[in-house]
Every structure is written in structure tokens, then in C-alpha cells.
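Pasting the structures in now, so scroll down.
Below, subunit A partners subunit B and then partners subunit C, in two separate complexes.
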Partner chain A sequence: MIRGWAVLTLLLFPQDAVEPLARDLESSEIPKIYHAVANLSALGEKAIPQLEARAKDAKGRVRDYLQLAADEIRAAGLLTGIPAPKRITMKSADRNVIELLGELRTKTGLAIALENLLGEEKMPEIPVDFRDATALEAFDAICKAGNVSILMDNGQIMLYQGDYQELPRFFYDHYFFRLGSFVVAKTADFRRPAVQSFRIQMEMLWNPVAAPCRFTAPVVVEALDDKGKSLLMPPEAPRKKDDPDDVEDEPGAVSMLQLLPPSSGSEKISVLRGFSTVALPRTRVSVSFGEEKKSEPPASSALEGLVRKSDGFTIKVGKVEPALYRVIFDVSSAQMKPDDISKLPFQASIVLKGGETTRCFISPSANKDAAEVTVAFQPLHLQEALVQAGDDRPPPPPVIEKIELSIVTAVQQRRIPFEFRDVKLK
Partner chain B sequence: MTILTAVLFALQQGDPVSLEPRVAAYAQQLREEATRDRARDRLVHLGRPALVLLEKLDVEPAALSSIRQEIAFNETLGSSYGPPKTFSFDGAEENLGTLLSKLENGAGVTFHKNSLDLSQKYALKLDDIPYWEALDEICKKASIWYFPSHDPIYLNGGLVSAKPRVYYGPVMIVMDRLIQQRKITFEKIDNEYLIRLMCVWEKHVAPLGPTGRVQLTQVTDDTGASLILFPRPPPGPKPALGVRVVGQTVDLTGLRAPSAESKKIARVEGTLELEFPARVDDVRIEIQSENPTAVKEIDGAVLELKSFTPQSSWGAAAEFHLKFRDPKEAAGFRIGTNDIEFIAAGDARRQGWIGTTSRDVDKGTFSFTAHYRHAGRQELPKEIRLRIPRGSVIKNVPFCFKDVELK
Partner chain C sequence: MRASVIVLMLGLFSGAPGLRGQEDLRIQELLRKLDDDSIEARASAAAGLIELGRAALSALKRALVGAGFELKDRLGDVIRKIQDRERLATLLPPLSRITLKAADRPLREVFEKLSKQTATAIDYSNVPDDAKVTVSLDRVPLWKALDQICRASGKVMAEIRGDHVEILPETFVRLPGKTTDLFSVTLQRIELSTEVTFGSQERYDQFTARLQVAWGKGARPYYLVARLAELVDEDGNQLIAPNDELEPAVRSFIGPELIGMDVTLPSSRGPGPQATKISKLHVEVEFEFPLKYAEAKIDLSGGKTGGSAECPEFLVRLHKFERQDGNLTALLVMTPKGPLEGELQSDTVVLRDKNGKEYPSVVSEGSQANENETPFQLAFPTVPADIEIVELQIRLPTEVHRERIDVEMKDLSLK
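Coming up: the complex of A and B.
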């Protein structure tokens, strides 16, 4: 019966929607391929049977792209609270980097603070011209044009004047990968024959609206040098750990891709392709404080001690310290120990007087009675800062208008692809 | 057997009767390049009685002077340094258990040797060699490997460690690994060659640890090319450890990689700095079971036992707080397991182990916890004895590795 419905759906679904996009998957241009993947994913659940039928007949990369599109459709229904990525078109020649990033923030909601860029008295106008770019692709293009370096710290994007690095990059959805460096090493430890290794450092950055809760180590599915040698490591039985120096790192945003050394004389890696699996929030318990008096923001002392109960969790505003830019919550539950609560992923949003948004850094810990969740926030005050550029006086403490805290109670795995072509080996 | 034991005992005690021929033999070896370094090492560590005899012999004045200086220097290190425990085996077959027990008794160590067949017999002929070398010789014969920096040492059967090693007095330096690295950051290329050494010492020797600074006189591959870069970049800062650990690594950096056609590193020669306390202050604290706290004033510092509380069923934790008059002293202070001894009922001595350490350089304080195991008798010890290392003296330890294969 189910098979019958699937066949019927396949017959009813317009073939011409998939066909041209599927052809684009065979392109040699990476942006075109992943644009096609995104458009196939946007076709929704009805396209899944056709995508999977095509994947069965396809080979190599194309099969992987079709399967990725099908997986993306399935994951989309399970991910809550993560908006679909927007594509941006921008053309300008008469605005500086702050103005351009300001516009990008308005168009996409990308949480970026620009304080570090405001010291310059006069910023040059820079030309930008891009079409149908993801938010991070547009962001990177503006930073490149304005020579602004991008760092990701504790899940937040940081910007610094100068030193933009021209690194191999890949953009997908709310995510952005870049290769930092690679290391060819030969180690003799006198216990076994000298071992040669080739490692590439890869960093994942993301739009804070789609911040992963957890990471797993990236998987490389294809790696070829320009001499045609596959650089994939052969599958290996787990080696007994007998060396105290062999400390495995926790998977995170920065990882080392372990490959075989390229052939001698090779000048580039032709293809480096794989995926990074991240856990994203699926269900969460959210509470908010400070919504009662709409006319004016509540005093910090009025927020302290407020308690909200939701789905078995009791969340109390422990301390509000605007001068220190932080709020501390006590979170408890009859079903969970404080230590277990502190291991759950948390998300927070703090809005300041006048609706000004902030970006938040969260650090949970546990004491005897409750998990203590410290939320440090940083205002994104774009307009005020622009007016007061060059003013060294410390700003007055911010006034908090609304606080929202979410506890992620279930996560959804999502495979984020990466692909690089023609990476030069100097 | 009794005579042999007496001879061995006399050898270990530096008996003047047996010392004279040994000094004469080593003085002779000073003339040969192949044996010079080893002979000098032995003469230095036989100490002042050997120097008196050596001065009567025909020895090159420069060599004699350097031996005299090092003996005098070693004496300034007091109880923190001492000659190596030496061992001799006459070539008669003995079982592995007996051979290892001789080392354990002579050097005051305990090996973990559960997986070894201790009844296997081996014949070793070794004359007057230090503890680490003796242990390595036994391990070579019996196919045993171990991590020298573990305390206690676990002896594992199956293979022999091929890591090159050199010995100097009570110190052993192991060449742990060679790392050739080419790092490309898409902007620049960094080529690095690194030789990682592991420095360990005998149990009766108590340095604060290596400083990480090394003076290299020669690093060459078998094509004759020097691997030392000029100028050599300074080594990175070493993290300030709170605990005196048993063995530590020292990285030889600022090197270039051996030539592509080379198969060996011909020579790695130099000295590494080993830091010792300038003096050690002994402190005794008698424990009042109803109020186990105390304050002891020592020269330039105050040691406070803040609490000594039972921890579940196995023992108790003592919390100490040291406040130095000169805050700079807190910055480099380290304490080790051998610095704390608990005296239990019946004068049973038990070593403590260090739990946590913390320092506040601005306030000149160093806090640490020392754990005591009562071994079944649920009562606090009657006394705690501490050795508080103070100040710093650098001893340069020479090393020379030859013909290291680049496999």
C-alpha cells in the first residue's frame, strides 16, 4: 500500500522541477552545485521519492548530492526555530564596510557587533557586487572587500580591522567552512617505522541563529590530489592507546582532517569533500521575563527573583548585573540532577531598552541545588556607536527590557556538507 | 656469596680500598676519546674521596679542574642531588626476579611486574653502572619496556624500547621522538624540526625539573650537515607547574630537517638545564587530633596547616597555605610527593601525594593539598614532615646521542 502511494506520488510530482536542478549537480562549479542542492531541498517532501530514485541510479558525487537534498527535506521538518536561509543580492560602490554590514544585518538578522571597526576616523567606500549569496557568503564578501578579519569565538562572530585572510572557503546554508593551514609531518618515535601524516585544519563558522549544540568529527568522503592519488585514510582497526601523548581532542568547530600525504610533486588537492554532522535544537523549553510592563523596561532589581515553571523545569532569575553585562539564572528540575541540567544546551536572548538586540555567551555550571546558567551579553548597538565613534567615555550600563532563556531538551542531527576544489599546495 | 655481597656493598659505599683501583682505571679512560665522557661522569660522581686520589695521578690539568669544579658544585646542591646508585653483575645466571629485586633494593624503588615471567634466567656482566643503565640492560635481555617517567615504573614484557638514551650520573635522558613538520598557512610556510627529549632522574635525587633551556653544541646528520639554525629562536615559555613531577620533556627546537639522503642523525650534543632548589627547609608539624591546624614560621615564609580532615574511608587531606615574604618566590614554587611524609602510629612513614595546587603571585601565596592514606587504621598521623624547596640553582646536564637512525 505504502509503495503504491510512493509510486503514485512519483507519477504526480512534476518531473521538470527536478530534472534541470539535477543536471546542475554535474556542474564543475561548486556554488552552482550547492545552489541546486538547496533548490532541490526547497521542493519539499513530495520530491523525496524522485530524489531517492535518481540517487539509486546515480554514481559518485551526484548520488551524494541527491541523497543530501533528500536528507535536508527530512531534517527541515524536525528542526524548529531555525529560519530558512535567505539569499541576498547587493550591489554598491559608495558605502563603507560598516554601512554594508549594517545593511546585511538588517536584511538577514545576522548578529554581528561592529565595535571593533569603529576606531577609524574615515572608512573608505568599497565596491561590492553579488547575487543570490547566502548571508555568510555576502558577509565574507563584504569583509574581504573591506579587509576585515573574521573570527568565531564561543559561537559568536567577531570582526577586526585588517588582516583578512584569503583562505579556501565553502558556503552552505547557515554555515561556512574555511581551511586554515595544512601540516605535513614525519614522526619517528623509535617504536614503529617513522609515520608520515598530512593534516588539514578546517574551521566551521555559522550564523548564530543556527548554532550547533554539539559536533562530531568531520568525515572526508573524497580527497584526490592533482596526480589522481586518493588521500583518504584506509579504515583502521582502533589502535590500543599506549602513548600518553595520544590525546584525542573533543570534536568542535575547528578540526584536523587526517589524510594520506599527497604524491611527490603534486601542486594541489583537486577535490576535498565530506560532511560535518552537528546536533541542532529540535525541542526546547523557553521562558521569558520582563514582558509584563510594556510601557517601560523593568528595573534590574524587579527581574531578580522572578520564577517561571515550564515542562518540569523551574527557572529563576538569580542575579541581574547590567554593569557587568550578565544575568545569572538558577535552573532546577524534580526529574534531573543539577549536574545533568548543566550539560544540556542552553540558548538565550536579551533585548535592551528600545528593542536593541544583543549577542549572548552562555556558561552553565552546577551547584548542590540547581544548575547555574550565566548569560553574558554584548549589545550590538550599531546606531549609537556610529554616532559616538571615537568617544572613549565608558557607556552607561545597559537597561534590560526582555530576557528569554531556552533549554534544548532534544536535538536533531544534521549533516552539513563541505567541498573544496583545487586547493593549492605551495 | 658472603664475600661477593661484601665486595658489592663496599663498591656501593665507596670503600677507599676499592676506590683507588677504580679511580686509576677511570683516570686511564680519560685519555681515550671513546671512554672519556663516561669516565669523567664516574669520577665526578665518586665525589671528593675520588678527587683526592685523582689529584695524585697524571691527569690533564683542564680535565682535573673541570672535575674538581663539578664536584664542588654538586656539594652545594646538598640533599637534592647525589651520586647514582651503581650496580655490578658478575655474569652468573640469575632469575629475572632476583635481578630486578637487586635494583629495587639498591635504588629504593618498586617495580610493577605482574605480567613478567620472573623465573626466566639471564646472565649479565656489568661493572659499576648506574641504576637507569642497569635497568635498561636487564630490559634488553628480557625484552621488557617501560615508561621512565611513570612512578611507580610498570615493566611490560614483549619488546625492547628502541628509544635512544644517554646517562649522566643519576639522570637519564631519552630521545622520545623526532618530528619533522612543514606547516603551510596559505600565506607562509613554516618548516620545523623538533627533537623531544625526556629527562628523568633517580628517586633519591630531587630537582625542581628542567627549565626547558638547552645549549646545543652539535647537531649533525650523517652527510655532515649541521642542523642548528642561526640564530636559534628562544624556546617557548614553560608552563609554571605546581608539582615537582618525576620526569619532564624538553624540546630541542630551532633546527632544520636532516638532508633528504641522510639515514641517521650522527650527533646531538649539548647540555640541558636542570633546576634544583638552592636549599631545603625542613618543617615538622605535630598533629593535635582535636585541632589539626598549625602555623610554622620559616625563613622568609609562613607555612600554615589550615585543616586536616578525613576523606571518606581511606584517609585524610591536609590543606596547606604558604605565604612568602617575597611574592616572586611564589611564582616559581613547586612541591613534590617526596616533599611530604606522614608519620603514623608506630613511627610508620607514609608518603603523601599532592592533590591540588594554586598560587597567587600578587599575594605571594601558594596553596596545596596533600593526601594521606591511613592503610586501615582510621586515625590521623601524629606528625607531618615537609621539605620546602627554596630558591633555584641551575645544573647543566650534558648529553650526547650518536648515530640515531631516521627510520
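Coming up: the complex of A and C.
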């Protein structure tokens, strides 16, 4: 519906399209604000001058939202490989969580494996009613209604029965942020006054069609507690690293937001707003193996040694070790050194016999002649292996049906906003 | 008990009529307290006698004559510990004792003089040029000497940086801890935190004490164990009690170049970040030093790819001693036959070439096939390709000296 509305506004463009949406940016309702940002972004490049002109006159959050919409328009032109998010409306009272998630998967293409939820017990019918939601908003709403917990592991969405956690959440486009926990800490080192700190753990999840290939640490631009205290760390006081064990993790999907401790007696964080910058694939070189024989999955040995050449890269299947759940590729190029190739982002997909998808963990390294790209894989759902007493033989290795490997040759930075309101601390 | 005290005193005076001086009086006092009704007094007396070492030995041995059953046990324990320490002293390098006198002299000059009296490397390049100090040390052990110089200057702090001591230009603060002749244990930091999952009422407290433990060049322990023995918050709540037996922090594979290391002791029982004081923190640090070894050598001369050897304490078999992808590797299976105090690690399994040069191993334990045998995967990454290997030596401690330091810290301000 919003898409249609955006098309309609384009007809009215330029004078009347921006103004009503810009007014929505002043709303106190977060979904309304970010739907307005999305709709402003959908207006396309012609809207940029007007958005920027209005941003100059605007203040605070509204200015940031207008600037975000302009940035989104610029990024969209470069990210042609990522489809626009679909909006979905669903109302039902007579279907169970698997049926609802199945429909969501059909309507939006959201890559979710439902096998973990399949059991012998009959699942209860659950009521859902949402309108104009992004795929991830709809997904979360169904999981909440059906008490299904959501995990994201290495870019793959995993589902488990029970334990849905009611965490502060924020949805935008193909992305979904949730706040996991907070830590109030004090460090006394006896050499100087004790230091208090406040950290919030935030997780970013995404629709696999828009998977980032690199992350940078999130930036908080506004954080206020309910007593009006700003929790932003002063820029002149970066965290001192005097602890040799305090090794900073590579930025990833889970991050710790460093803030000042809330005021004494504070019960909630009124606003927590910022952005996470991710690198998305702009161009990539993709090859696949194992598609030749449709009727029978190829033997591992048949895959080994296969070579594909594409856009100056030579990709060879070095070793296929299904028993160890891994495939090793040798990637070389006449234009690039092995070490430089190993620094490029890679994406992989391994499909097992019967079309069973897996989640993949990729670790590139370099040797003298080529980059060695190890792709470890795991089935997406838990499999129960029947073990007989006294039989300690390992289960048979999985049969690999198809392997896809992509080398991301250029990336596009994109700022993904997040905003939480009234986050309870007590 | 009183009777035995009298006997003890008689033994002391009759056996040593010439006892004199302050030290003798102190020994007498400690021996008397060793039979006190209070546990604390007895423990303190035993620690004092052990601290006195060899000077107390003859008096202790004389006191054994005629001592009652319990006292005899205690005296025997103290004597054994002193003798262990004496044996340890023969294994460890001589203790650095610093003697120097400086009246308003440049601090750098003082550290330079100190450096010449110890094998422990000291980096004093960051000491402020204009810093001066007045200090007088007479045969003071290294860690105490460093502390006294830094304190007298007020402008520097000493920190352990792996294989050396670094003198940092910062205002001197006396850190909580304990320093003995050989060792130094300082509390560097306390971290308190509370973690809450959004939407949950449950809170998870965490307490972490970070210690710096130092032993000096050449006195490297084989094994180090540290644990939180007691923690009392500012309201008097005993969050960790002496009998709680918390999981200790264990350090093995201590590099030969190290002179100290940081040890982190975490606990899920903390007072929370709102605490302003810790009333009591008791930490135990135990150093292990081998006194005796069991040793077996496998003959690998003539290009042998395996073999076996045994000693009264263990049997070892070596298989697949070969090069794989350029690295020399092997499989070692060990069958213990007697008491062993250590485990296989890098410097207990050593290859020797025909010139007597030694090459350390990288040891990783495999899964145990049966109760009596433990397999180990060995790698020797530093052995050049053209070297002729003649034997593999496996050397494990069978008897160790355990030196325990109890560090009791009170009223630690967290402000």
C-alpha cells in the first residue's frame, strides 16, 4: 500500500510530495517516522535537492531523518542487487506459527528454515493482525504470537520453539535491531578515581537478501535518560586501553554501546538513537559447482578439482570434506595478489542433498599461489541422529548437492538507523 | 598443654643456654604461641617461624624432644616447610638483595645502580629527568627495594611487563598486596558489574580482582594457582567464605623469560557497582617449584621413527616420529607407574641433537584410549631439516615445593 502511495506522491512531485512526509518526521511514533523516511527515500533522486534544502532549516532528529532519506536515495542507485523491502499485511486467527511463517516466506522471500519447529505435536492456532509491516516486522510479530525464539547465526535466521524474548526492538528496511542486556560497571584501579560505565548490548539482524559483508561499530547520536541527562560519551574522552587483555572485538552484528551511566534513580532511557554503518555488496563475481547433474548429487570427489573462471578470477574446488563439514577453494587472479584476494569479502552457499540449505562460515587466507578460502557449513536445523548402544561410529557425512561462491569486488557503505524510546531499566 | 609448654621451654633453654639477641627471643615467643589455645595465634606463630627459616631450625628440632602429640605434629610441619624452602633456595638463583644509598640523587641514577645488582631487567627510560630521590637500602630484596624507591620518589610506579619491570612516570600510589623476599602480589584493579537482560527482573553480579604476580628473573614457577578465599562487602556480608572452594585461576606453561604475570580472579558473587568499599578481600597465591624429577630418554639415533623408555615413575612410547608438511611431529603415549606432580608441557619434552642442542616441543593432549595411557601429539617447530636427532627426553617433577602467599586486604576504597 505504501508503495502505491509513494507512486501516487511521485505524480504530485516535486512540490507536494515531500512536505506531508516531512511533517510525519516530527511524530512521536517511531514506526510512523521511519515509514516516512522510507517513503521519502522512495521518491528518488529528484527529491534530493528538496530534502537537503529542508534539512538545512530543520533541527535535531528531523534534520537527521531528512539527511538519512537523501543518503538512502543515493545508496539505492548503487545497490541494484538488493531488492526493495516488501511490505506485508496479514490477519489470521486460524493458522499455526509454521503456516503463518510459511506464508510470510512465500510472500516476501525471507530465507527462514522451519524444520526446527516441526514436531509431532499439533501446534496451536494463533491470532495475528498487522498492516503494512516490513518482512522482519511481520516475522517478529508472528514469532512473538507463536512464542518462537529468533537467533541469527552467521547471517542465517534460526528459529526455536519457546522462549520468545520481549526485548526492545527497532525495524528499518531489511534490518532489525534489538537490545539484549545492559551492564552497569565500576572499575577501581587504586591509582585514580573509580570509573563508572554503562553498556548496552545491541544486536543487528537482517533479511539474508541484504546481508552486510562488513560492519563498523554503531554510533549513538542521541541518548537521554528520563531525568534529562545525556548519556553520550564526551568525544574528548575515548576509552583508554590500558588493559592488555582488553582486546577489542571486530565490529559485528552484536555490539556494545558505550554510554555514560544514567542518573541516580533513573528508570528508563527516553531516547537511544544512532546508526550502524554496514558495507553491502555492490558488485560480485559468483560461480557455482554441482549443477551439472540434476538427477543425482555429484560425489565429493567429482567436485574436487573443478575450475570456474569469471571476471579475471580462477576459482578451483581444492578439497571437499563433507565429513569435516567443509569445502576449500583456491582463488587466484592475474591482476591480484593472493593476499589481496584473501582480504576481499566472500559469500557462500552450500546446498545438501534434497535441497537442504546450510549456514556457512568463511575464512580466507593466502598462500604463495592463491587465496585459500575455507567454507565450513552446518545444516540450518537440528538433526536427531539415531545412535544405537555400543555404536560409536560417526554418522554418515552429508552429501553436497550444490556450491556457490561469490567474491565481493566492490562494496557500498550504507547507514542503517536505529532508534529506541522509553527503554525500561527497572 | 601447659606441661608441654614447660617441657618445650626447658628444652629450649637447657639445649641452648647461649641463646641471645632479639631473634632468639622472637623464636621463643613464637614457639610458645605454637601451643596457644587460639587457632589464629598458632597459625600466625607457624607462619612467623617459617618466615624465619634456617635461623629457627635448631630451636625447632630441640623443641620436638618432649613435645606432646599435637605440638610435635605442628613442629614437624614447620620444620618440613623450612627444609623445603631451603631446598628450593638451592634450586633458585640467589636472591637479589639491593644495597644503595642516595641523598637527593637523580632517580634514573638510582635505578641504574639498582639494575646492576639484579638479573631482573628494569626499563627506567621513562623516568622523568628532573626526578630526584633520597633513599637508603641495606640488603633489601628486589621487590621491596623497588617499592621503597618508588615510594620515596613519589613520582613513579613499577609495573611488570612480561620479561621486565617498567618504571612508569606517574604519581606513586601504594597498591594493596603483599611482598615477600622472593615474590610480589599486588592488587591492580577491582571490577564490579551488574548485568540485566531487558524485560527481566534477574540481575547478574560479577566481581573481578586483577592481580599482578611477580617472581623475578630465574625464579619462574612451574605452576601458579590463585584463588579468591574470602570477600566481605561494606555491610559485613560474607560474599565468598573461606570454605567455598571457588574455581582457582591456574597458570602453567609459564614462559622461561617471564618474571611475572597478571592473574584475573572472577566471581559471580559481587557487591554490585554501587559498592564504595570492600571490607575484606583474601586471596591465596600458590607457586609450585619442582624439587625432584623423573626422567626417561628414548633413543632416536640412526633415524629411528619410534621407541620406548621407562623410569620407575612412568613408561613412554613414541610413534610416528616423522616430518609432516615440513614440521617434525610424533605421537607419544604415556603410562604412569608412580606419583607424578606435573604434566607434559613444552619444556618437559625436549629433543636433543648430536651436538647436545635442545629443541622444545609443542604438546597437545589427545583423547584417552584407556585408563592407564594418555596419548600426546608432539610437534617440534624449531628443528631444522638437516639436523641429526639422537634422543627425546621426557622429564617430569615427582616432588614439588609449594610456596603459598596469603594476601589479606582490608577496607579497600572503591571511590
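Criterion: the second predicted complex is superposed on the first by the 318 of 426 C-alpha atoms of A that agree within 3 Å, B and C clash if a C-alpha of one lies under 4 Å from a C-alpha of the other, contacts with A are read in each partner's own complex, and residues count from 1 in each chain.
Operating definition for what follows: a contact is a pair of C-beta atoms (placed from the backbone, for glycine too) under 8 Å apart; a residue touches a chain by one contact, two chains touch by 3 or more.
Model, not experiment: these values are computed from the prediction.
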item	value
Simultaneous placement of subunit C and subunit B on subunit A, clash or fit	clash
Which superposed partner A:307 touches (first subunit B, second subunit C, both, neither)	neither
Subunit B versus subunit C as contact partner of A:219, first or second or both or neither	neither
Subunit B versus subunit C as contact partner of A:186, first or second or both or neither	both
Partner chain in contact with A:323 - subunit B first, subunit C second, else both or neither	neither
Subunit B versus subunit C as contact partner of A:166, first or second or both or neither	both
Shared subunit A contacts, counted only where both subunit B and subunit C touch the same residue	165-168, 179-191, 193-194, 244, 424-425
Sites on subunit A touched by subunit B in the complex	165-168, 179-191, 193-194, 244, 424-426
Touch list for subunit A against partner subunit C, complex	165-168, 179-191, 193-194, 196, 244-245, 423-425
Interfacial residue positions of subunit B with respect to subunit A in the complex	147, 161-164, 175-187, 189, 406-407
Partner subunit A, residues of subunit C touching it in the complex	157, 170-171, 173, 175-176, 187-199, 262, 264, 273-275, 412-415
